[in-house]
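As written, the chains take the letters A, B, C and D, and residue 1 is the first residue of each chain.
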Amino acid sequence: MNRLHWTQTIDRRILYLVLLALVVIGLLVPIPLPLVVGPQARALYNAVQQAPEDKLALVCTNWSASTQGENRPQTEVILRHLMHRHIRFALMAFDQQSTNLARELAEELAPQYGYVYGRDWINWGYRADVNGTLKGIVLSIPDTFKTDSQNRIPLTDLAKLPVMQGVHNTKDLSIIVEISPSGVYKAWIQFVVGSTPAKFGYGPTSVMAPELYNYIDAGQMVGMMFGIKGAAEYERLLIQDGTLKKPGFTTRAIAPVSLSLVLLFVLIGLGNYGMYATRNGRKQEKGS
Amino acid sequence: MKLSTLLSKLFPPLHGWPLIGALVGVLVLCVFLFFALHALPPRARKMVIAGATFLAGLFFALEWFWPAGADGTNPLTFAVPTVGNVANVLTAFTLGLGVMSLIRIHGNNVARQKAGWENSVVLLAGMVVMAVSGLFFEKTIFFRSLFRDVLNSFDAAMFATLAFYIISAAYRAFRIKSVEATLMMIAALVVMLGMIPIGQALTSFIPERGSFLSLLRVDNISNWMLTILNAAAQRAINFGLGVGALAIALRVWLSLERGAYFESSAE
Amino acid sequence: MNPQGWSTTPGIWIGAIGTLALFSLLYRENRVYRLFEHLFIGLAAGYLIKATWSETLKPQWWDPMVGGQWPWMFALGVGLMFYTIYSRKYNWMSRVAIGILLGFAAGQIFQQTANEYLPQIRTSFKPLIVHQADIKAASQVTAFGQSLSNFVFVLVILCVLSYFFFSFEQKNKVVQASSRTGRLMMMFAFGAMFGATVMARMALLIDRVWFLMHDWLRIG
Amino acid sequence: MDHASNSWPTAFIVILWSLIIIGAVRMAQAGRRFYIRRIAGLNAIDEAVGRATEMGRPILMVPGIGDIGVIVMQALSIFSYIAKTAAQFGNRILLPTGGGTGPAIYTVADEVMRESYAAAGRPEAYDPDSVMFISDRQFAFAAGVSGMIYREKVAASFLFGEFYAEALIFAEAGQMVGAIQVAGTTQTTQIPFLIASCDYTIIGDEYYAASAYISREPTLLGSLAGQDIAKAIIWLLVFVGAIGVTYYSATGGQAAMKAFFLNQWLTPH
């Protein structure tokens, strides 16, 4: 047997162990890997940076525990950016789990920026019917959501919910960002994007991201974060402009992502090299 | 008269004793229908099944084909949410079958002390604790933590094992064994290269835009592959799937289907 | 060991140990995995009971029914038909209930087909020769590049479709070549899909490892 | 589009397809015979069952986690064939169901398996515990089925239905215990992972051709011929459409024609 034969049949458990080790080390030890900020993430960042401060931003989340690895960091950088710029925002969701996960994230970040629920941010809650809801908010947000989801206060009660001051429909929004593993963006583009001056940005999982270039190219979407990589690029921009003092989880996470992809390259290379070498060896044996 | 008003006249909402009377009446009627149905000869039974399937489908088909007015609705549109609810409710009633399947298999394990019966105890206990705390103590920290910290963690953990599996699958499958395997490998490598800084750095000397060469940047090649080749291939595959689904749906709806479940006559 | 350094929430502990237990299957099947697998299934079943009642049966059936809409009682009658499967004598009746469910699914096929596939046919009508005037000013694509892309797009669709013809023998040389090209193009596409998924999967693992390190062990 | 009247040309095509398929089915039922080409992955089913018999280990069949409907019925129709073969050779079978309508699928699957054993002449060999509901929850189902794959050391694994991310979990678990695996799914995004981990993967609407291929039932072969004609119509539409759009965009002056071709026809309003 050829001495390179092992490269073709490495026990899977060894592969798993190496991957796990790379992830743990990558998270613990800051590895300075180059990170190119792509045009899509930059465009989204610029849109949030230039969003009018006197209007309400809308962050729609549709992710659940299963895709939080990518979608949670994306939500976090967007919320941090909005809070740093003191833009009030609203949360909404088309996924029941997501409305809780995003609310918890917002509750975690709010104290750091002095955000108060009802004054600086609000949770509209969850709706199952995508098309109906989106068609509804184009006409009237208070009629569509009726109350906030935390305390069931009518959205028109401005004394208790000053955050809703001057917000009637999508025309009164400053920017819309959806963070989602599913294809809801089509409904946004069909029903909402044309109705409002607010720009529309996206945080898709990296599986879904390639679908979106088309829409960015067509100007229907201002920009996006390509999965976890996009979130890290966005975080890089936030560090550069001083919004963030130190890198967070996202920047840490990008090193193990890159390392694991490199591992995959190495493994595929090894497997093929071994196969090639063994095959050649066999040919020579025959010849001799 | 509108169909919706006709219906509300035929089935007026009731309250108090009349309501209870109506509910009991419906139940008795159901029991009667049950035995009446069972008295049918096999041929008629087949027709009942075929008829029920056809009628259930007919509603959605008619609603769609019936021209809509200026307001985007037709006389059947008002019933779409209700019929959707009926489908949801009927599906929900099957829940008991699933729970009974679990209880039967795991209850048996416990009763006969089969190997691993302790696990079956854990399964049944978990089910009871979760159901009871969810139904009656929904607002407690206990239930919220059980759902979020335990159940969601398990979901995410199982999902995360995919990271390992994808590595071993790629390592094993991406070998230059055949034209097909090689093509798959090349495409995967290019797309992955486009995602990592090292890959992007390979062609970063090419200007991002404005030059013919910029098309050769790894990220651009990768995007092109995903948005042109991949999108076109997926689209063609999906055309076939769409037509296939249409065909089997028509066969099921019109009771033309043959094969498992359908060929046998109702005894 | 510093007790303050450890999370005290029992939920997080069970979640963390369960995560490790579920991962242990990657090494081999073992008793701890089995235990947590069963706990997982049990909890999921319990949650299903809760969700079925509080998200479907209560709001969509019970509340309207006791609110006066008595015909909802018929749904119970039909629903109970499912349970005839336990009886040899009556089990044919479960087919009526199943038939209704299948009918609901089948009847929507016209709308689904029209909504999903017809627009895709239309957007496949791509001009094979693109003029510079038709290209958006901001776009970096040249007319030639766009023409080439469109040509490849249409060609791939036609080739791949030809692979999926089943009811005649593919003897004709042109058909054979087209079908073979279609299959190779699909493999290429599958490779691209595979590559595009890797990063998302890694992100999930990193998230879980972070959960173990940060939320549970409080390191890092 | 909410209704056919949003775009009659679209509705017309859907009706045309439907009539062609129904027509072909009726022709087949009236006695006309249709041809079907070879589908490599499906020939492997017998091989896999044979392997399981040699090894004396169970056969696993998973119908995916999709809701009850035509996709699941198609999977069960394939499984019915497998179960008949398994019944003849005395193999044990395992059929876990999951997804939101898992309990309903469990009911149907139980009936189908019982019937298949009866059709194979061995009704007494059917073990009702071989069909079971596991979970409606995607990853609880994945945990249960992969545990089952390892514990039972399944010899053959058939994954047919609507699969999502869990497809790779099942396929790699099967790979690990050395099962021979045949798979097919309507979820195109999962095909790459099945190809990487399974011995045979059928692609796209080979899934819908499978029951016709296995059973050679005239009705299904007829339907398949009808589907081919419908696909041929798509082929022609795309071909003519692309040429037409090119022509009108080249002649430039006929903007109205181009607008009609691109924007009016088939576009819901």
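In this section, contacts are C-beta pairs under 8 Å (C-beta built on N, C-alpha and C of every residue); 3 or more make two chains touch, one makes a residue touch a chain.
Here the structure is a predicted model, which means the values were calculated and not measured.
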Each chain counted as touching chain B and chain D at once: A, C
Chain closest to the assembly centre - both centres taken as Cα means: C
Top chain pair, ranked by number of contacting C-beta pairs: B-C
Chain separated most widely from chain D, comparing mean CA positions: A
For chain A paired with chain C, centre-to-centre distance based on mean C-alpha positions, whole Å: 19
Whole-Å gap between the CA centroids of chain B and chain C: 8
Between chain D and chain C, distance of the C-alpha-averaged centres to the nearest whole Å: 15
Chain A and chain B: spacing of chain centres that average the CA atoms, whole Å: 25
Sequence positions of chain A contacting 2 or more other chains: 12, 16, 19-20, 66, 68-69, 206-207, 210, 229, 257, 260-261, 264
Touching two or more other chains - residues of chain C: 22, 25-26, 34, 36-37, 40-41, 43-45, 47-48, 82, 85, 95, 101-102, 105-106, 109-111, 113-114, 121, 124, 154, 157-158, 161, 164, 186-187, 190-191, 193-194, 196-199, 202, 204-205, 207-208
Contacts with two or more other chains, residues of chain B listed in rising order: 64-65, 91, 94-99, 102, 148, 152-156, 158-164, 166, 168, 170, 172, 174, 184-185, 189, 192, 195, 226, 230-231, 234, 237-240, 245-246, 249-250, 252
Residues of chain A touching chain B in the complex: 8, 10, 12, 15-16, 19-20, 33-36, 38-39, 65-66, 68-69, 97, 100, 206, 210-211, 213-214, 226, 229, 257-258, 260-265, 267-268, 271-272, 275-276
Interfacial residue positions of chain D with respect to chain A in the complex: 138-139, 165, 176, 189
Touch list for chain D against partner chain C, complex: 1-2, 4, 7, 10-11, 13-14, 17-18, 34-37, 39, 67-70, 73, 101, 104, 107-108, 110-111, 134-137, 139-140, 143-144, 146-147, 150-151, 173, 188-189, 191-193, 195-196, 203-206, 209, 212, 221, 224-225, 227-228, 231-232, 234-235, 237-239, 241-246, 249-250, 252, 261-262, 265-268
Chain A contact footprint on chain B (complex, rising order): 148, 152-153, 155-156, 159-160, 163-164, 167-168, 170-172, 174-177, 185, 189, 192, 195-198, 200-201, 204, 208, 219, 223, 226-227, 230-231
Of all residues in chain A, those that touch chain C in their complex: 12-13, 16, 19-20, 23-24, 26-28, 66-70, 72, 205-207, 209-210, 217-219, 227-229, 249, 253, 256-257, 260-261, 264
